[in-house]
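In what follows, a single structure is set out as C-alpha cells and then discussed.
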Amino acid sequence: MSHLAIYPGSFDPPTNGHLDVVDRALNLFDGVIVAVASNEAKHPLFSTEERLGLLHTVLQGRPRIRITAFDGLLVDFARQQGASAVIRGLRAVSDFEFEFQMALMNRKLEPDIETIFLMPKEEYTYLSSRIIKEIARLGGAIGAFVPPCVADALRSKSSQPVTNA
Amino acid sequence: MSHLAIYPGSFDPPTNGHLDVVDRALNLFDGVIVAVASNEAKHPLFSTEERLGLLHTVLQGRPRIRITAFDGLLVDFARQQGASAVIRGLRAVSDFEFEFQMALMNRKLEPDIETIFLMPKEEYTYLSSRIIKEIARLGGAIGAFVPPCVADALRSKSSQPVTNA
Amino acid sequence: MSHLAIYPGSFDPPTNGHLDVVDRALNLFDGVIVAVASNEAKHPLFSTEERLGLLHTVLQGRPRIRITAFDGLLVDFARQQGASAVIRGLRAVSDFEFEFQMALMNRKLEPDIETIFLMPKEEYTYLSSRIIKEIARLGGAIGAFVPPCVADALRSKSSQPVTNA
Amino acid sequence: MSHLAIYPGSFDPPTNGHLDVVDRALNLFDGVIVAVASNEAKHPLFSTEERLGLLHTVLQGRPRIRITAFDGLLVDFARQQGASAVIRGLRAVSDFEFEFQMALMNRKLEPDIETIFLMPKEEYTYLSSRIIKEIARLGGAIGAFVPPCVADALRSKSSQPVTNA
Amino acid sequence: MSHLAIYPGSFDPPTNGHLDVVDRALNLFDGVIVAVASNEAKHPLFSTEERLGLLHTVLQGRPRIRITAFDGLLVDFARQQGASAVIRGLRAVSDFEFEFQMALMNRKLEPDIETIFLMPKEEYTYLSSRIIKEIARLGGAIGAFVPPCVADALRSKSSQPVTNA
Amino acid sequence: MSHLAIYPGSFDPPTNGHLDVVDRALNLFDGVIVAVASNEAKHPLFSTEERLGLLHTVLQGRPRIRITAFDGLLVDFARQQGASAVIRGLRAVSDFEFEFQMALMNRKLEPDIETIFLMPKEEYTYLSSRIIKEIARLGGAIGAFVPPCVADALRSKSSQPVTNA
C-alpha cells in the first residue's frame, strides 16, 4: 500500500519541534504533505508566503515531502490530496484535549481519514511557536529552538516597528 | 419541593449538545430557565436577540422552560429568579477546571445556589459553538451538530462579508 | 415531580466531605438514598455493617434520607429504588475522568438514570477515605476530617494488630 | 515501503474498543501484529492461551494480521518482528500521561521504533477491560461492549467460584 | 547562604492569592522581589504605575521585599537581580502545564535559576485577576478576594466609561 | 536565615531523577534531609536498609545532606528535624493532583511546613522507580536511568527467584 499523510499547522514560524514530527512521519508514511493553514483571520506574524518559504528552506533535501498552503476545511483538503492520515504532534495534556476534539470532529466530517498522534522529542515539550515569538520579541536567544533561517526571520520581524496590535 | 434550575451560557449559537443538556435538566427539575449571557464585550457572532430567537425556535414545544437574557452577575440573576441550582454541561478536563473555578466563585458569592454538572451524550463531546462557527465559516457541513434553523442562520452569517475582526 | 437521588460509595469510612455532598443533594432532591457498596473483594477496613452503623450515627436527624447497602450493579439498584439520579462528588481532575467513564457506562446500561456531579466545599478537596485511613494508621490527628464517631472507630481499628495485608 | 505495526496489550479480555483500534491500524499499515503481554504476575482473568484464542476468534477473516504472545520487553519484541511502529489507543487524559511515559521510555530503549496513538470511536471512550470484567462479575449485560465469544467467556468465568484474590 | 527569590506576575490587580504566595516565599527566602511584568501589549486594566502603587500599599510593612517592574525576559531580569529562584503559585492542572512549559523554557535560557512552585491556600484556588475583574465589572462584591485598596481601585475603574475593547 | 528542607520518598530504588531533585534542593536550601519512607506495608523491592545504603553510596560527596529513614507522619518527622520545607518533584499532571492533595493535607496537619515543588530535567519526565523495576525485571538496560550501584542492585534482585507476589 502507498500511504500519504498530511501534517497541518500554522507554522508561524516552524520550530525544531515541527521538524522532529515531520521526520517521524517520513519514517512511517510513503509521503508527507506539510500543509500551512493560512489563518489570516488570526493575524499571523508571518504571511502564508513567508511561512511556505521558511518551510521550503528548512525542509530542503528531505525526500517525499510536499509543502503547500490550504484555507478551507482540513478534511476536504486531505481528501483532495488522497491522504489517508492526518498527523498531529502531542506535547501536553492541554494539547491532547483540544486535539482530540478536533480529531473527533474531523472523523465525523470525513470518516476515512485517520488522525494519528506522534510524540516529539521530550526536549521539545516546551516548544511552541507562540512562546518562541514572545522570546524573540523580548530579545532572548532562540537559536536552540528554531532553524537558523527562522531565527533570522524572527529577528527581522522583532526589529520592525509594530504597527498593529 | 419545587425546584427551579438555571442553565446559563452564551449559546452563540445553540448546538445539539446544549439541547441535550436542557433535556437532562428537565428530567431532574420542575422548571428550567435557559439564560443567555449577553456578553456583548466578547463580540458574539449572533446578537442577544438572535440567540434568544434561535433558542425559542429550537426549544418550542418543550414544557416548563423559560428563555431569557441576563447581563449582570449570574448568581444575582439566579437569586432573583428563585433558582436553587445552576446547570453546567461538562465535556472535558479543560472544561472541568474552568467550570470548577467559576462554581467555587459563585458559591462564595451566593452559598445557597448549587452548581450541578451534567454530562452530555458522548457523541457531543467534541461539539462546541466555537468549532461549529469555524466549520461553517470554512463551508463545512454542520447539519449533524446543530438544529436546522441554527444551520440556516450560520450559513446566512457565513455568506455575509466580514466587516470587523 | 418527586425526585429521588442515590448517593453510592464505599464510605470506608464516611468523611466530612461525604456529609457535605449529602447535604447538597438534600437541597436538590426530595429524598436521598445513601448506598454503601459492599465491595468485600476490595478488603475494606470497615465491614459493610460497620459502615452502615457509622452512617446511621453521623446522618441521624437529617430528614428524607435512607441508608442501605447494595452489592450488584449500581444502575439495577437505582432502578429498583425508583431513583432518577445518581449523585457523585467531584474533587479533582483525576476523579473526573474515572467518574465520567463510570457515568457513561451507567448511562449505556440504563439511559433513564442521570448521573449528576456536585462539588464539595473546597476545604474538602484533599479529603479522601484512603488518605484519612493512612493518617490514622500513622497516629495523626483526624478530628478535622471526619465526624467524632468515625474518628473513634478509626482509632480503634488502628490500635488493633494487623492480621492481613 | 512496507510498514509493520505492533499493537500490544493485555487483552484481558479483548473489547470492541480493541477491535476498533486494530481496524484503524490495518488501514494505515501493511501488517499488524496483535501482541498479548502475558503479564502472569498481574493475575489476569484469562490465561495467555485463552486470550490468544479469543483474539483468533474475533479477528478471524481480517487480512494482514498476526496474533502472538510475548513476555519480555516490548521494544525487543518489536525489533525482532521488524515492526517500525507501536500502536496505542488513547481514550482519556489519564491514559495519555501513562502512555506518554511508556512511549518516551520505549524510545529511549529503542529510538527506531515509533509509538503512534490512535483514537477509538468516541462511543468506546468509556470501555476498558477492567470495567467490563466488573460489570460481568456483577451480572450486568455486556453484549454491547465485547464480541459474542468474549461475552460467553466472561459469563463462564463469572459463574465459576473464585479461588484466589 | 543568602537566597533571593523573584515572584513575577502581571498583578492586574494583586489579589489575596498573590499576597498569600508572597508570605510563603518570605518564609523560605532571605528576600523576595515582586516583579511586575509590564505587558503593555496585553492592554492591562491597570497601568504599570498603578499596579506598582497597589503592591506598595498592600505589601507595606512586610520586611525583605522589593517591588519593581520589568519588561524584558524574566531570566535576564532575575540574573541581573542576583535571584536564585523564580516563584510561581500553582492552583490547577491547567496552570500546571503552562507553568511547566514556561519553567522548562526559562531553564533552557538560564540553567542557574530554579523555578519553584508554591501552593496558595485552597480557599484561593478559584481566585484569578481575570475573574475578579469580571465580577467587579458586573457589580459583584469583591471584598473577600482582594485587599481594600484594590477593591476601591477596581470600583473606580468599573465606573469609568469603557473607551476601548 | 538557615533553611532546612526535607525530601521524602520511597526511593525504591533511587533514580537519576531523584538525584536531580536533590541537587536542585541543595542549591536552594542550607541543608537537605533525604528521608526514606519505610512503607513496609507496600512490600518494597528493597528493604529500608538497602535503600538507605544505596542513597549513601550515590549521594556520597555531596555536602549538607543527611540521609535517614522515618515511618510515622511526614509532618511530625519534619517538625522534629526543624525543617521548614518539604520538597517534591513534579513530573506530570497525574503527579500534580496527588501531590497537591498530600500537600494540602500536610498543611492542615502542620501549617508551618511549606511544600515546594521542583521540576526535574525534562529527560527524567518518564522516569519512575516503578517503570525502572519493570524494565529490570524484563531484562532491559537500565544504565541510563539509575546510578551504577543501583543498576547492579536491580540486576541482583532480578536474578533472584521471586518468592512472593
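By written order: A, B, C, D, E and F. Residues from 1 in each chain.
Methods note: contacts are C-beta pairs under 8 Å (C-beta built on N, C-alpha and C of every residue); 3 or more make two chains touch, one makes a residue touch a chain.
Just so it is clear, the structure is predicted and the values come from calculations on it, not from any experiment.
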| item | value |
| --- | --- |
| Other chains in touch with both chain A and chain D | B, F |
| Most distant chain from chain C, judged by the mean position of its C-alpha atoms | A |
| Interface sides of chain A and chain B: same vs different residues, half threshold | different |
| Remotest chain, chain E as reference, centres from CA atoms | D |
| Separation of mean Cα positions, chain F and chain C [Å, integer] | 33 |
| Mean-CA-position distance for chain E and chain C (Å) | 39 |
| Mean-CA-position distance for chain C and chain A (Å) | 47 |
| Residue numbers of chain B (touch at least two other chains) | 93-94, 97, 100, 104, 122, 125-126 |
| Touch relationships between chains, expressed as pairs | A-B, A-D, A-E, A-F, B-C, B-D, B-E, C-D, C-E, C-F, D-F, E-F |
| Chain B-touching residues of chain A, taken from the complex the two chains share | 41, 43, 71-73, 75-76, 93-94, 97-98, 100-102, 104-105, 108-109 |
| Chain C residues within the chain B interface of the complex | 1, 3, 24, 27-28, 30, 84-85, 90, 93, 96-97, 100, 103-104, 107, 114-119, 122 |
| Contacting residues of chain A [partner chain F, same complex] | 93, 122-123, 125-126 |
| Contacting residues of chain B [partner chain A, same complex] | 92-94, 125-128, 131, 135, 138-141, 144, 165 |
